[in-house]
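Going in written order, the chains are labelled A, B, C, D and E, and every chain counts its residues from 1.
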Amino acid sequence: ASQAPTSTEAPASPAAGASPASGELTKITYGTNWYAQAEHGGFYQAVATGLYKDAGLDVTISMGGPQVNGTQLLMGGAIDFFMGYAADAIKAVEEGIPKVTVAAIFQKDPQILMAHPGTADSLEDLKGRPIFISSSANVTYWPFLRAKFGFTDDQKRPYNFNPGPFLQDKQTAQQGYLSSEPLAIKKEGGFDPVVFLMADYGYEPYSTTIECKRELVESNPDLVQRFVDASIKGWYSYLYGDPSPGNELIKKDNPEMTDEQIAYGIEKMKEYGIVDSGDAQVKGIGAMTEERWKSFYDTMAAEGVFKPETDYTQAYTLQFVNKGPDAYKV
Amino acid sequence: MNTPAAFTLSDVSKVYSNGTVALHNLDLTVHEGQFVSLLGPSGCGKSTVLRMVAGLGKMSSGNLYWGSSSQRKLAYVFQEAALMPWATVEDNVALPLKLAGLSKSAAREAVQEAIALVALQGFEKAYPRELSGGMRMRVSIARALVTKPEILLMDEPFGALDEMTRSKLNSDLLNLWGQKQWTVVFVTHNIYEAVYLSNRVVVMAARPGRVVADVAIAAPYPRTEEFRTTPLFNDYCRDISNSLSRAAGQTAALHPSDSVSASVVNQPA
Amino acid sequence: MDNLFDVPRQPEASAPSSESGQPSQLQRLLSPDILAPILVGLLMLALWELGVRLTNTPPYILPGPILVLQTLVREWGTLFPSLLITMKITLFAFLAAVVSGLLVSVLFTQSKWIERSFFPYAVILQTTPIVAIAPLIILWVRQLVPGTASTFVSLVICAWLVAFFPILSNTTLGLNSADHNLINLFQLYRASRWQTLRYLRLPSALPYFLGGLRISGGLALIGAVVAEFVAGTGGTSSGLAYQILISSFNLQIPRMFAALLLTTVLGILIFVLLTMLSDRLLRHWHESAVRREN
Amino acid sequence: MDNLFDVPRQPEASAPSSESGQPSQLQRLLSPDILAPILVGLLMLALWELGVRLTNTPPYILPGPILVLQTLVREWGTLFPSLLITMKITLFAFLAAVVSGLLVSVLFTQSKWIERSFFPYAVILQTTPIVAIAPLIILWVRQLVPGTASTFVSLVICAWLVAFFPILSNTTLGLNSADHNLINLFQLYRASRWQTLRYLRLPSALPYFLGGLRISGGLALIGAVVAEFVAGTGGTSSGLAYQILISSFNLQIPRMFAALLLTTVLGILIFVLLTMLSDRLLRHWHESAVRREN
Amino acid sequence: MNTPAAFTLSDVSKVYSNGTVALHNLDLTVHEGQFVSLLGPSGCGKSTVLRMVAGLGKMSSGNLYWGSSSQRKLAYVFQEAALMPWATVEDNVALPLKLAGLSKSAAREAVQEAIALVALQGFEKAYPRELSGGMRMRVSIARALVTKPEILLMDEPFGALDEMTRSKLNSDLLNLWGQKQWTVVFVTHNIYEAVYLSNRVVVMAARPGRVVADVAIAAPYPRTEEFRTTPLFNDYCRDISNSLSRAAGQTAALHPSDSVSASVVNQPA
């Protein structure tokens, strides 16, 4: 990995101060959920600026992709930490899969629906109109939309990460990622789509979380803590410092990523407070709360996505986060 | 007293693509109603002559002229049985009729007759792999006879048959020929058979294939088994046998066309 | 002398030991021909179970067959209807592939020119990732077939794309492999193109064609599954692919394997049926199916 | 009497009109055999362009070939390295499929029992959606092949799964189709299993095997693409699948089609090469390749 | 004065799976060094006898006993040429040697010799499809002779050959046989050939196939062309011809085993 300028400060967090001095770096693999992009920026920044190294970690970031099954890779030991999703974490509890969310980088899920300009003012307006959604939506936000806005299954159209069909038909809507599809559509389709951030409509899962096996939390909490802390520091550095070291790594992993796209991504993350809003502003990036987990669980359980008897508290631990923004100052 | 020509091969050469000269400037006129036997050493081009007459494969040079009949009325017994392995005896024999557009029921009688002719009753439903070599050849003969052809080309049809079946088929063939006035070209290695059956025997020499003797067999039809014991019969046989020996010798001649003109060319009765 | 040959063949059954007539249905089911593969199947399942237990693999990585079967039984109510839908798509795509493969290969053998000129491009159908062209197919189909049937048609087309080429390729090869002597014979009797095709080329091509079917049968199935991955929308009319995906998203790995097991069984079934068909059609004459006695 | 036959055959070239020796390289390239398919290809491209222009289809739905080619030229620097990577995976998977398909089919023909018992299960490899088992493959491979090679191996395995069955199926059929008389002959001369295989069954199976290759060549390619979708690579070691997906995601549809064009061309190339190989190996004796003169 | 038995077929029956009774309680002992010709109507089971002797296919009942030699030293000219289409003439002929483990260079001379014997020099590199029917059969003969077998089974080997080639191969075969003391079983439809070549002629009748005559040809070897013109030769021919006619008649007999015992069974010299 490129040796970006490292911080001169001594280790800030007491928990993390244990082993870096020994000089032996622990090899860690972090699996993301997609090709490298601005939404993964903090982690790349932590690699690029040596934050992980300072925490005694040698981190490799392994990109995900459209059909890569991260949970199995995590549980099988191919990766040590995985970029997870709150809904998925609760499902894991239901299936008895011992993985735990240890930090939530995104306070808001960047999942959006888009429509052609002038065809909709709010999500309700999409009722009855064809919507391109990917198959995973069936187990995440689609049941929510169905219940809350009366969407029906015959509106569904398959979305395979090609927005062409959406452009073709003005009456359609399409799912997207806040910082990706709208830009592509603006560039290639020549217009700004109307964007509905689902987090603003009551769909509030944590996303871009850090998950690991329960076993690791129990056997080596120190390692987990070091990874979480360094990652959060990476995010602060990425959002508020100079993101270019991280961006270089992103472009290296994903050569098709452009500076324009990255800049757009960072801008949108800031504009919508994806990372640093709400609880995170008080408790620091990565923050999670009981209440938020509960409200998400309750909302989705009411729609039948989760079983009523699920012990959703198994899905996370607050042990590694909520230390306040100051704790992560580099 | 010749009947009109059924077909004429004029100055025909055939060079296969690997360079083998199978036929070289061959001339042969066969007249309507003739029964011509073709003899010659193995590999001399007898089958090639039949293939040219049947229009299978291009000649390298030369021409084929037809008289009043034509290639359309032709049947051909190949040297190999060439049966369809997926079809029963019956269906194999019925093939030419089916190709001519006859319905199955219309064909049935002719097929039965042809199968009886080659004595394969009881094997109508058998598949070729269930037959002996000779039986397979007989199916092939039945397939050729079933069409009642005007011109019949037969490439060693009886080579794989025992003497009894052979002489039965010989006389059957002569009977049919006598009735229908077919034109027959008959390849055989059996000199006795050739003399017994034909009114003309053509002897070929090998590489390049060409005609070296053309003997008219001036004996009246119908021919009985006694004909085989006449001195005339024996004379013809000896004559042809000599031609064959000479043909074998001539193969090495440097200018084959010279020796062709030197050979006895008789006109058929 | 005619009766020299006329001892008629007795048209008996072709099994050598069939003195007591046909073997009973039960006997046939218990014959080693059927038992052996079943035993092997059971053995593989046992090994799988054992492997899972010995290595202590958790079910969310790889469930053992017992768990998978239990799940299958439990989820039968949702999985079986999906199976039927996948079967329907598979069947339609397969039939379409058979018909079109046959027709195009026949077209190809009508002229070397056509074959040379178009055959290489037929391979495009096979090498284009469905994911990439699914949107186009869906758009086009929607213009031609409005309404709810359109998704089904799109799925069938995607699956057909996958199943088409092997039939085309094998049948073309077969049609070109007709015995030369027989071709001469047909030429001689002035057989029309159609007759040569019908009575000579098609029978000659049969073993190759059936071989192509065996390959395409499985491909139609996997094509149906993949098609549903990319063009399916889920909901009540969704097939096994949807169940696999959703189970995977929901981390219900045993359920995913139960759905996989169904596709697998369906695939084996298709294969076995096609093999039986092949044996039946070829047993009288083709070396691959004839039981030779010497 | 010996010299009755000994006029030696002149070992001339087999082209009938080759009086002036071999045709020159240029002549050969300009021969109708090569020109016809190229013309057809150009014609298809022209029709495509025309269709796109007449219907006014926007490039983000279906770009015309001119635009695609322009994009291809422009993006050559990024697409070509990806092509090489996909090619490498394809090649390895194809070779693995050829070797394994051959070996297993040989095993099958050693005993009807083995064939009956295992053949139906071979179809599983083909009918299991790679998506579903990719994680398992990745996990297993990681345990056996640590380090960076592991991803590559996983990809090759996934692609191999797709390409394996047609070769197995066709070759098995071919090995079982050896002429019965020749089998008798080999039996008579006490040929060992290996000899019968080497000198009889394998040559007999060659046309079928080569037919299987033609099918599997394309499948290995599509398998490589699909494998990349499910097993995930990125960065500098990513193949065409990545380019297709990212282009599609970024709505750079002409670029996506440029990448598709590359897979297509690669597919056609594989097909043409295998067809040439087939013609070369069979031209002396198999009906499908021999040029008969009568 | 019999030499030891080379092999004995004892009470052999063969019923093909479609129900055809090809052989019925057939007994046949062939002694070492004998030249036995097998004659009989087409489809009577001659090829089946050879196949049983060669161990190709199971007998339905009965036994095959071997003397001092064995099936291992056996060569077989099939009724069909059965050449490998993908191999040249040379490679086809070399096959038995290759299977016996001989190196290519070690085999070369024997292959050349065998090819010369059937007069196919110059065609070493030709593929079977480039040969005439007779030439193909000769390749098949060469393939059998190349191994120097102790026991030679030949199923109508010369049926597709012209008289010249045939008589040349006849005398070549006799020479070889005289030198090596082979045991030969020779299927033919040519009575003259059978008598000329063999010291024993076995006549079979059809369905069910069985032996109906077994004639010792008591003429000394070497036999010259003159032998063909002796009265003895003609007597044998007539005798066998009669047996064949009777065999054809007997096929329809209801109790074939009765008529077998009534036929003349001679012991070989």
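Going forward, a residue touches a chain if its C-beta (ideal position, glycine included) is under 8 Å from a C-beta of that chain, and two chains touch if they have at least 3 such contacts.
Keep in mind that this is a model prediction, so the values were computed, not measured.
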Superposition of subunit B upon subunit E: rotation angle, C-alpha, nearest 5 degrees: 180
Leading chain pair when contacts are tallied as C-beta pairs: C-D
Averaged-CA centre spacing for the pair subunit D and subunit B, given as whole angstrom: 48
Rounded Å distance between subunit A and subunit B, as computed from the means of their C-alpha atoms: 88
Subunit B and subunit E, separation of their C-alpha mean positions in angstrom: 28
Residue list for subunit A, restricted to those that touch at least two other chains: 69, 72, 76, 160, 162, 164-165, 168
Touching two or more other chains - residues of subunit E: 16, 18, 20, 41, 43, 51, 56, 80, 126, 129, 164-165, 248
In subunit C, residues with contacts to at least two other chains: 1, 4-5, 7, 9, 11, 61, 131-132, 139, 179-180, 184, 229, 245, 248, 286, 290, 292, 294
Complex interface listing, subunit D residues touching subunit C: 32-33, 36-37, 39-41, 44, 61-62, 113, 116-121, 123-124, 126-129, 131-133, 136, 139, 165-166, 169-170, 173, 176-180, 183-184, 207-208, 211, 214-215, 218-219, 221-222, 225-226, 229, 241, 244-245, 248, 256, 260, 263-264, 266-268, 270-272, 275, 286-288, 290, 292, 294
Of subunit B, residues touching subunit C in the complex: 51, 54-56, 72, 74-76, 78, 80, 82, 84-87, 95-96, 98-100, 116, 119-123, 125-129, 147, 164-165, 168
Residues of subunit B defined as touching subunit E within the complex: 16, 18, 20, 39-43, 47, 79-80, 126, 130-135, 138, 155-156, 159-166, 189-191, 241, 244-245, 248
Complex contacts: residues of subunit C adjacent to subunit A: 58-61, 131-132, 134-135, 138-139, 148, 229-236, 242, 245-246, 248-253
In the complex with subunit C, residue positions of subunit A that touch it: 69, 71-72, 75-76, 88, 91-92, 94-97, 135-136, 138-139, 153-154, 156-158, 160, 162, 164-165, 168
